[in-house]
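Shared between the two complexes below is chain A, which has chain B as its partner in the first and chain C in the second.
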Partner chain A sequence: MSETKTYSFNKSLELFRRAGKVIPQGIYGHMTPALVVPGSYPYYAVRGQGCRYWDVDGNEFIDYMCGYGPMVLGYGHPKVEEAVAAQKAKGNCFNHPSERMVELAELLVDTIPMADWAVFAKNGSDMTTWATQVAREYTQRKKIVMVKGTYHGAHAWCTPGHGGIIDEDRIHIHSFTWNRADQLEDLVNQYKGQIAGVIMTPYHHPTFGDSVLPAPGFWNKVQQICNREGIVLIIDDVRAGWRLDIRGSHEYFGFTPDLVTFCKAMGNTYPISATVGKKELMNAASKVFLTGSYWNSAVPMAAAIATIKALKEEAGVQKMMEMGKLLCDGLIERGKAYGYEIIASGPYTIPFYRFGIEDDFYRQQVWCSEVTKRGSFFHPHHNWFISAAHDKKDIAMTLDHAEAAFKVVKAQFGD
Partner chain B sequence: MEHETILANLHLHAVMPNMAKVAVYDPVAREITAGWKGTVQFAVLGGPAVHLVFDNGKATAEREKVTWPTLGFTFATCAQANKMFTGKGIAIPMVWGLWHPMMLKGFLKLSKRLEFYLKPGPQTVSDPTNKKFIVELMLNTIVNGIAILARLDHHAIQLGQTSPRGSVEFRVLPNGPVMNLVHMGDGKFTAAEGPAVKASAVMEFKDVDTAWGVFNNELDAMILMGLGDIRIRGLVPLVDNVSGIMDILSRYLA
Partner chain C sequence: MSETKTYSFNKSLELFRRAGKVIPQGIYGHMTPALVVPGSYPYYAVRGQGCRYWDVDGNEFIDYMCGYGPMVLGYGHPKVEEAVAAQKAKGNCFNHPSERMVELAELLVDTIPMADWAVFAKNGSDMTTWATQVAREYTQRKKIVMVKGTYHGAHAWCTPGHGGIIDEDRIHIHSFTWNRADQLEDLVNQYKGQIAGVIMTPYHHPTFGDSVLPAPGFWNKVQQICNREGIVLIIDDVRAGWRLDIRGSHEYFGFTPDLVTFCKAMGNTYPISATVGKKELMNAASKVFLTGSYWNSAVPMAAAIATIKALKEEAGVQKMMEMGKLLCDGLIERGKAYGYEIIASGPYTIPFYRFGIEDDFYRQQVWCSEVTKRGSFFHPHHNWFISAAHDKKDIAMTLDHAEAAFKVVKAQFGD
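Right, the complex of A and B next:
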């Protein structure tokens, strides 16, 4: 393995300095530099191709965040770009939706066994919030139950942020611990006949922590409770959707929710989100107002149709799983060679890695930033994303970057 | 807990202990307290109390009540105490120790010296040594204030209870001040001066000016983080929740 030159990020910092004068936080939300290791990461991207992208300093990265999920087939995927170009030539926003909307809804209903209908928006938050409203409309109840520490978006009822929220925003939101169906049962008993919906991710993927898969029987128990109590079971598949099973992550784990929300990978970087649902909820869904200035735009719908078809044709999920496993095995093995136990959690396609020796991320932060400075973008605190564009050569190069970074960690911490 | 009670706890347990620091740092205050040997107490009936121990040029603050202070100022209610500390309204405490008129007179002067640093004019701040000292007072107030709010304020309690266990070290480069805040679990925090025994997270300010700007809400901490002027390492979720409590604190002490 050869020593690689490490990157610098002067232009990113320069641009960020300018941004700080005109944009609150400079870069806000999940892409804020405060969540990585400032100074050791790029802040602004220029272009992408396949599983790689380039930042404003001209540094090239093999991307293991995939735009925090939206890139699933590779940047600039030919079939997606072709569909986008064709629709763009015709137009994007009109007084009416385009034919693409009907085609996309039909494609989702054909692809996802539990789906009888579909609606569209732009972001995950749009859909998770709307889904809770549908549950309330359907049941005529107020309360929503979620899992502690789960991210469902940036709206007031669920944002992990501290500012701009009031107690009343969450007065009807209750939570229980992942994999503790007994706690859900307790909540149901405490609020008998008052719970409209239970919203959950298909497996637990908190930021800053290990992902946790459902314990055996957990989903059956949750579904049983919801069915018994007339509670709408909503799955937030925004992050995991299209990376575990083309039919929805609930199929991967073997249960059937009432509503499922999607976003991220659905349009291979084009802005679109969706909710699909069972037919018995369709009437309630039609009563909950749903719109946005760009929510009917045709280009992202064309992108989504092409993305889903390409994922099917190219066996994208299977390929991601294979590459994810290769990466996982390689990281564990290279870590071991330096005396580090690397803890891997979550599915291969959406993994979270950390050092077994620590629970405070010191080594993790150095390691991820050293890997990133060598050309493979590793986030220290958030789960990563694998795409169908990653291949064996990319993984091999990344493992070399990882090994060089293990060496730096070893030298710095003297373990 | 009601607002006035929480605010009185902050005034007595987070702000007042700074008087001991002023008594040691400030030349005028040193002159005032020279030769003092005794305790001065501020207390609210049935509420928080703090006493300052003066011992020939040394001064310390203890966040508890003593039975027989040399001088004692007792407020009937938390609201009365807050009126005095904020200067918004007249509040006359019951005074114990009127037979120490010189100390009483001196203490009133000492209070003015605390105000001199807590509400500093531009000239005071233009002296880098003073500025560093004021940042030390502010950090002391903030770190102790976080521990207090995590115990008393409804929203801070929620943030504290969902924080991971561990310690945060606050460090202003190059030469301090340094303080640490330990989350013992279940939302119970303790604040102390100096570095953490084993910091789970470190929040490091590039210099006194950076800390000054953030503590006075003049600079955006998130931007400073992006620029590397504030460096956070280690257990970021703990720092994130602590920062949330810091925001709540700034609303109380605004």
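Right, the complex of A and C next:
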């Protein structure tokens, strides 16, 4: 059992105070747990290696967020860094793309059975929004259907934020409940011939709530409806991509979408996202303008090629699944020893955990921050991410951190 | 006078044919001149150094597009690369931002007189769209006014493309003619109390057309109208930023906007964009959700800090202006010797050139491709970019390329 280390976050706090003067909110975007549980989490990171990173106060963490997904092979993975260095020695961002762009598109088409083509951008939102536009162009219809409570990015049609959004941004966005194909059927009947695309994640992974896997037959039914109605089925695999199946998460669940968007795990922290699609949509795709200042950049494409190859060579997904299962079984067992039922949901590689006894996250916040202060970064409200760099010793160390934190929760809440 | 080199583009063409099978259009986005003037331009780049780059066929070019703007100090600038290497040795993309984010925000606030705060993203569109949302949040109004024919990015409200766009995307977007403050006044009267923001570039730089500087008193009038009506004045300095004035292009023209977006020249090819704003807008800014998978990344922020410092230390803008003037004077003079009036528009650092004798770009296409095949990359329809790495010898060599190409145009068109 590990001793409690004396983790302090003074330098983080000092920097955050400076930031508050020159940056709205100090830190924006990713749900930094430090904003929710002040004093128990770092605000600023310094460096990383493998599955570990260090914050500005010198605290060391085994990372269970992986940069909210982008780190998939470990920070500073040798093969990715080698490919990056080789490309960087030549150059990155020019008037034209590099050979890497063609190679990466060919690699995606080879890797993902449904893919006949690929395009690249820098961010998840770039691609989820563009995919809905390709669906509109292909069908010459306006309406987009999504699942309630799903995060598809920060653009106006889908952002979870309310500021700066106007009603017209969502006038043609409709939603149904996850796993309720009957509700999708109702929408299709209500807006007959008007629905361009259905955009969904491969399984349901809301924030502040349990992940929900597809019910038996659900994907089959969704695909049937889309095919029957000429609706483009878009899978947002930004979060789950390459953590369930290197061929795309839809292969894991056994169905075939028309467009799939990727981002997080693509380049092992180098900035790149992609959409792949079926041949039928290639012409429509060529008509929806797509560009960005640095989108031809060669380095992130070299990183993505190396990442995909390394994931294949190292059987990365399988390894992540095994480590994720070790973590899951261990957390449930250690929790039980203290009388707590730990509810696990989602795949082992992108798990969401909470205390069965509560739905207000009070124990969860204490537990996660106590684990974090011992050296394993646990986010209290967001699903976690496992990487291929986590090994048995890391998981064992984390389970000890978790157990020590269960003890603190027990003492504090007395249940 | 330089001899005609034997520039061929066979490897570029071969790669482009491969690309066409797995990427819609083969190459998308940036208006690649190879798509307009086939056989006379490269499709793929390999490496760069200073103001030069090399394509996949081994052809060498003095670069007058600078990656469509991002290269501002020269490819592989020592101080930027040093800062990048130092940051990269630690790490890039984590669960949290790095100290670099706070330092960069402070540096922007110190550098740009109107700026009280800054936020960062990856792309121009990320920031122009977000800025319009901040204006909507601040004013609680819906309408956005822009100038006809202005490029503000690839998002639905402003993209020059037509595919995938629906009428509702632009239901609250209105536009007026550059330099016609009276038309802005008319819009303001027509939509009294409904206009949230006016978004404009610091001078007018359309594609396929002359750039137009602000008429005397124009900015003063626009600012007056915005102030009087409580409208947020947003400057899109994505293209011109740091090529007119390190304090923002509005300082060059002598007015004070409420929000300014930057991108291209920020990080000397490393992917980053920014919005800076006045204190009054900080609260509204904190309410408009802003995030992306790699937006906390430290390396591009380190690159941006080094780029801004180097531009200041090297008096980069002044040097670019001087080299741009040399180029401009030389092109006009060499053209005149062949009986051609060359029309120059826009600032010396972001010039647009065309033949006075035509408005169909036929001579322009021949001339630009003949210059390119001699070793100076000239885009026929888009404004060019000068960098601080261009020197007198480079400009002199380019003027020789230009003269040889004037001779070809003369022979071909006989006028």
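As a working rule, the second predicted complex is superposed on the first by the 407 of 415 C-alpha atoms of A that agree within 3 Å, B and C clash if a C-alpha of one lies under 4 Å from a C-alpha of the other, contacts with A are read in each partner's own complex, and residues count from 1 in each chain.
One rule holds in what follows: a residue touches a chain if its C-beta (ideal position, glycine included) is under 8 Å from a C-beta of that chain, and two chains touch if they have at least 3 such contacts.
Bear in mind the structure is a predicted one, so any value in this text is a computation, not a measurement.
Would you sort A:38 into first (chain B), second (chain C), both or neither based on which partner it touches?
In the superposition, A:38 contacts chain B only.
Would you sort A:136 into first (chain B), second (chain C), both or neither based on which partner it touches?
second
Is it chain B or chain C that touches the larger share of residues in chain A?
With both complexes superposed on chain A, more residues of chain A are touched by C.
Does chain B (first) or chain C (second) touch A:73, or do both, or does neither?
neither
So, does A:154 touch the first partner chain B, the second partner chain C, both, or neither?
Only chain C; A:154 stays clear of chain B.
Using the superposition on chain A described above, determine whether A:51 touches chain B (first), chain C (second), both, or neither.
A:51 sits against neither chain B nor chain C.
Between chain B and chain C, whom does A:163 touch in the aligned arrangement: first, second, both, or neither?
Both partners, chain B and chain C.
With the two complexes superposed on chain A, say which partner A:24 touches: chain B (first), chain C (second), both, or neither.
both
Just to be sure I follow: which residues of chain A are touched by chain B in one complex and then by chain C in the other one?
24-25, 27-28, 32, 34, 43, 162-163
Which residues of chain A touch chain B once you look at their complex with the stated criterion?
Residue positions touching the partner: 13, 16-17, 20, 24-28, 32-35, 38-39, 43, 148-149, 162-163, 208, 359-362, 365, 381.
Hey, which residues of chain B end up touching chain A in the complex?
159, 162, 164, 166, 200-201, 220, 222-223, 225-228, 231-237, 243-244, 247
State the interface residues of chain C toward chain A in the complex, per the touch definition above.
Against chain A, the touching part of chain C is residues 15, 18-19, 21-25, 27-30, 32, 34, 42-48, 53, 55-56, 63, 65-71, 75-76, 89-99, 101-102, 105-106, 108-109, 116-119, 122-126, 129-130, 132-137, 142, 154-156, 159-166, 168, 171-172, 238, 263-264, 269-271, 273, 282-297, 377.
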